[in-house]
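Worksheet: one structure, shown below.
Going by the order they are written in, the chains are A, B, C and D; count residues from 1 in each one.
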Amino acid sequence: MAGSSFGKYFTVTTWGESHGEAVGVVVDGCPAGLPLAEADIQAWLDRRRPGQSRYATARQEADQVQILSGVFEGLTTGTPISLMVKNKDHHSADYSNIKNTYRPGHADYTFDAKYGFRDYRGGGRSSGRETLGRVAAGAIAAKILGKLGILIESRIVSIGGIEAEREEEVKAFLEQVMAEKDSAGGVAECVIWGVPAGVGEPVFDKLDARLAEAMMSIGAVKGVEIGDGFSVASRRGSENNDAFRADENGTIYKKTNHAGGVLGGISDGSRIVVRAAFKPTPSIARPQETVTTTGENTELVIHGRHDPLVLQRALVVMEAMAALAVLDLMLANMHATLAGIQKFYGVESFYGIIPEDGKE
Amino acid sequence: MAGSSFGKYFTVTTWGESHGEAVGVVVDGCPAGLPLAEADIQAWLDRRRPGQSRYATARQEADQVQILSGVFEGLTTGTPISLMVKNKDHHSADYSNIKNTYRPGHADYTFDAKYGFRDYRGGGRSSGRETLGRVAAGAIAAKILGKLGILIESRIVSIGGIEAEREEEVKAFLEQVMAEKDSAGGVAECVIWGVPAGVGEPVFDKLDARLAEAMMSIGAVKGVEIGDGFSVASRRGSENNDAFRADENGTIYKKTNHAGGVLGGISDGSRIVVRAAFKPTPSIARPQETVTTTGENTELVIHGRHDPLVLQRALVVMEAMAALAVLDLMLANMHATLAGIQKFYGVESFYGIIPEDGKE
Amino acid sequence: MAGSSFGKYFTVTTWGESHGEAVGVVVDGCPAGLPLAEADIQAWLDRRRPGQSRYATARQEADQVQILSGVFEGLTTGTPISLMVKNKDHHSADYSNIKNTYRPGHADYTFDAKYGFRDYRGGGRSSGRETLGRVAAGAIAAKILGKLGILIESRIVSIGGIEAEREEEVKAFLEQVMAEKDSAGGVAECVIWGVPAGVGEPVFDKLDARLAEAMMSIGAVKGVEIGDGFSVASRRGSENNDAFRADENGTIYKKTNHAGGVLGGISDGSRIVVRAAFKPTPSIARPQETVTTTGENTELVIHGRHDPLVLQRALVVMEAMAALAVLDLMLANMHATLAGIQKFYGVESFYGIIPEDGKE
Amino acid sequence: MAGSSFGKYFTVTTWGESHGEAVGVVVDGCPAGLPLAEADIQAWLDRRRPGQSRYATARQEADQVQILSGVFEGLTTGTPISLMVKNKDHHSADYSNIKNTYRPGHADYTFDAKYGFRDYRGGGRSSGRETLGRVAAGAIAAKILGKLGILIESRIVSIGGIEAEREEEVKAFLEQVMAEKDSAGGVAECVIWGVPAGVGEPVFDKLDARLAEAMMSIGAVKGVEIGDGFSVASRRGSENNDAFRADENGTIYKKTNHAGGVLGGISDGSRIVVRAAFKPTPSIARPQETVTTTGENTELVIHGRHDPLVLQRALVVMEAMAALAVLDLMLANMHATLAGIQKFYGVESFYGIIPEDGKE
């Protein structure tokens, strides 16, 4: 099945494996007239790059994006936009011992079960490198949302259970983790500002459902929550309901936002808050029990560079997925009322041509 | 947009509002040859009915399902199955005070924002009654999965933060909640047994992503997690990885299942575990601050019957959504390999007809 | 697969067999605010009814449509609209001899091949009765298009190769056909007025491609053409190109419309012309060679009422399909430019609510 | 909207304009295990190349395809396959006079109407060059179909109304056309052998409906017919019905194949015949009346190389589209019966893993 596409209106199809020729994405359904240059997308890709913190590895990944179609004289044409990032830096030697082994916590086993075989080099399609395509497409979606007054931000909430603000504690924790050749996980949050009320398509394409799907599709994510999330399960209704109030102009607002900006699956105009839990990265240098592809017990030590924490790199991926989900539903929402459709088409007058003979 | 459909292969489209003529669902893509009777579906609908515990209301809801198409001589024909449940028990008087008011925590405000107006009676399309269609469709999906050796179970994990096994504490808690005219939330879990390894379509239609979308689309859900979920964010990689082992026959198994049966978005053959956090039901009898539809501050008291806890009724909805998501991906998985397709079509021989003249 | 849905934005899912409980359709994606009553749809269904000409049979089919959801106080709510028509007039006896026989020209054989068995009564899902759902949904689509200044008309072009205007010849021809217990086919045409230029989504969801799919999906259709259709294959480019001209106001028009209003898969503002060829109805009272379901040669005589010509009943089905295809693409077209999207969202100002504490 | 994707299971998304960097396609949903090399696809692209007949132009188009992902050690991996063909041979000067003019018969006007502006160089996205992506993807689909015993052939039926077999007449006709700086159209036919009975998804994703959509989406196509097509409109039912017969083994066959292999929208096991009518190519060197983009009357002479007939190059495009449509429905058909699904999953036994502690 075509599982590599996301979005019904602004549809992105990603492709590429970590050790193939390149990775990329095709964006189909991008409206015409958006100013777009490689630099717009590159800015997002650069945020994804490792080696930007002490806890990330030093390996260079100079991922330069190319726009192959869909842009003319600096503006999108409305036709499909093909983006490509060539793969470099193939350390084939890094992965030689995993050709015949299933790495715990990775998709090696499940890809083999599904397809009968797999590209074992570096994780192939299941490698984190496939997020390049998502981020590139998300950059375009975010630019469009920006033109609609919508802003997306993200931050790390906690690392290894320690609140991110406690920088010294986190630092000490990660030093320890690295010393033990282990890895850590954490929770990250994405906030979307400026989405007007009314966005989301009940009952299945609800805004929160699409955000949940979007975030859960990011590798390493094991949980997603909206607003106050799991903590509302312990509350009373009287505590959790966001009361409505009107100001002196009759503008409606909410006193609180436990709901995280989504009510009945539709945006309510408040900021939208979504959070994702990331498991500790499975690639650790410590010896691990595992099996060979032929069903024999063995032990595995994964050599090479491995980040003890990938969370900081995942922030831009979360923002990209949020942009894709929100934009798709902003487009869907344009069809909500007959009045909106009539207004769009300026029913009384519309451009067109009429053949001279009247008949044809 | 067509937001009321779920599934790409086994597609269900639900319809109906709480105070309209009826609610129902059309199932398109159900394979032929499944024995199906109204009783099969009714059993699931009966589990959804209120009034089955002390903490639920006494209002009768005798929802009888009718099969209107797609079944002939007791077997599905492969053509669309239309199911309908007539609406009864319209307490119009129950909702008279909310016609011009936005109930906190409900979708009144957002539906108005999206569509310009709404069916205010009882929540209309945003009412819990729309889950009837989901459950009816889920019953069919679950029956098919049963024929494939797959079983779905669910249970309440906690109520108001109290583990469900502590029955006395829970009981006292809910008595207190009811006395205060308030409501409570909780966490529920769904387990799917028997899914073979290989189910899920990277990178966007992953099994966990579709389950997240499915569960988050249920009203009142604010968080979804797979396996050990949010708790893995605090763990080390060495603790969280599920080690592979092989038994004496070479059969591969995992020593643990922190992953909840999904690896890289694909099932690994272990039991699949998904959990959802339900907010406390927003309809409470206590006075609440809110606004009128014309933007004036007011106070609202919601009369009539309201369950302090809807979690027990949501279990069957979770099972239904799990069945829909899993079945859809089980169907998708049949296309994973060329060998599988060739085997299905028995390439060497297939039925057909040849015109006599050879040419045509 | 879910083959019973048409449309990506205005999605209609039809259901029902000729001898089941009922037939119907669910329309998902209908914008809110359209005035809609059963009478609007009934008018279209009445056009579909047989017994309205000398050449049609006398059997009564009083198909009354019911709106079960999606309409409140006379306006569509934006939620799914479920329409149902109860089946009556079951002449089970009419079909007793075809239970074990494959009728030539009908889908009996192919349904058996696909599903392993079939509802043999009256054609089941393959019967013309399934068009009830299409027409009902098309009635809604056409009403929306009417609110956008778009009009759809249809007419019979020829019957049995005789131009429809030659009424006496056609009459004599059909008398002969009836006398011989045979049937005839013909060509029908549908014209869509008022579609603004720009509608259609290259390269696969072109307006002409979607119209072709829509018309070919109608039972008995064996050919579809746009504009001058097949006849352009014999022309020169200099004859076939529609020259552009501008009037004194600078308004562009075409001198001719050989293209039928579609250029590069996108509407050009002229009237859109699509034609379909209908095969002679396969149910004839004459003896026919055929086989039993167990593979033995036999002869078949189909008793009961059979129209020698179904073309006049197909006109409303063509109009319905045209409405569905055009509306879907009118909705898609709203996303073509960033400027259009910004204008829709009135970017400088949009309604929303802001929690009091500023933070949330 | 995402109009550049075709297929629900074997989904192809094409991209690229004639004068952009490159053109290409992403194939999502290709099963794993298909042997695939660039040569397989190149063979199809070479058939598309101009300059292969006296009536085609001499301009070189050395289109070399690159496989960028989805293939490992010579076999498809089941992950998206990205194909790219770099654009060369940019004769920017060729198109300078059409920047501000609308060419009759081309999509210049309609693209401007839709998007507000267009890439005017050489037709941009509406140029025939976008068929490269379709053909490349079709090559893969055809290879899979070949592994399922299905063969696709095509031929020219007529040119300018003259049957293709009359080679001398056709030759003289085209010489005349070229001398007059004009162009011609024709009819081409595609036959698909070996499709088993049962393929097609009523009522909208019928095999003939999808083939019609597929062919009509090819630029220059103005009509599509199945089997005997438009000519059946003039026949009697007794003449047009294909009688079933059984041979001595009980194998069912049809005496004729007027239906073209499709009955009720489902394949009947006979060869499938689809025909398309191509308009004369609109680019002719003769002066034409037209308008400027600012609405002034003008005359246009299109310089540069233009084929008087593109039909011979369209044959491979028809075959590609047929392959895409048929394969998609062959995949869909695998879900038709519960028995088929159970057989696929070998219900009694399936591979999987069970955690050691039994619980998880």
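Simple rule for what comes next: a contact is a pair of C-beta atoms (placed from the backbone, for glycine too) under 8 Å apart; a residue touches a chain by one contact, two chains touch by 3 or more.
Because the structure is predicted, anything quoted here is derived from the model rather than measured.
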Does the chain C and chain D pair touch with the same residues on each side or with different residues, judged by whether over half of the numbers are shared?
same
What chain lies farthest away from chain A once each centre is taken as the mean of the Cα atoms?
C
Averaging only over C-alpha atoms, locate the centres of chain A and chain D and give their separation in whole Å.
34
Starting from the mean Cα coordinates of chain C and chain D, work out the distance between those two points in Å.
24
Taking each chain's centre as the mean position of its Cα atoms, how many Å separate chain A from chain C?
40
Quick one: which residues in chain D touch 2 or more of the other chains?
1-5, 8-9, 14, 29, 32-33, 78-79, 109, 113-116, 125, 196-198, 202, 242, 244-245, 251-252, 255, 268-269, 332, 335-337, 339, 351, 353
The residues of chain A that touch chain D in their complex are 1-5, 7-11, 13-17, 20-24, 26, 28-29, 32-33, 66-70, 72, 75, 77-82, 84, 109, 113-119, 124-125, 351, 353
Going by the contact rule set out above, which residues of chain D touch chain C in the complex?
1-6, 8-9, 14, 102, 104-107, 109-111, 113-116, 125-126, 130, 134, 158, 160-161, 177, 180, 182-187, 196-206, 208-217, 219, 221-230, 232-246, 250-252, 255, 259-260, 263-269, 277-284, 286, 288-291, 294-297, 332-333, 335-337, 339
Mind pulling up the chain B residues that touch chain D in the complex?
8-9, 29, 31-34, 76, 78-79, 144, 147-149, 195-197, 202, 242, 244-245, 251-258, 268-271, 330-331, 334-345, 347, 350-357, 360
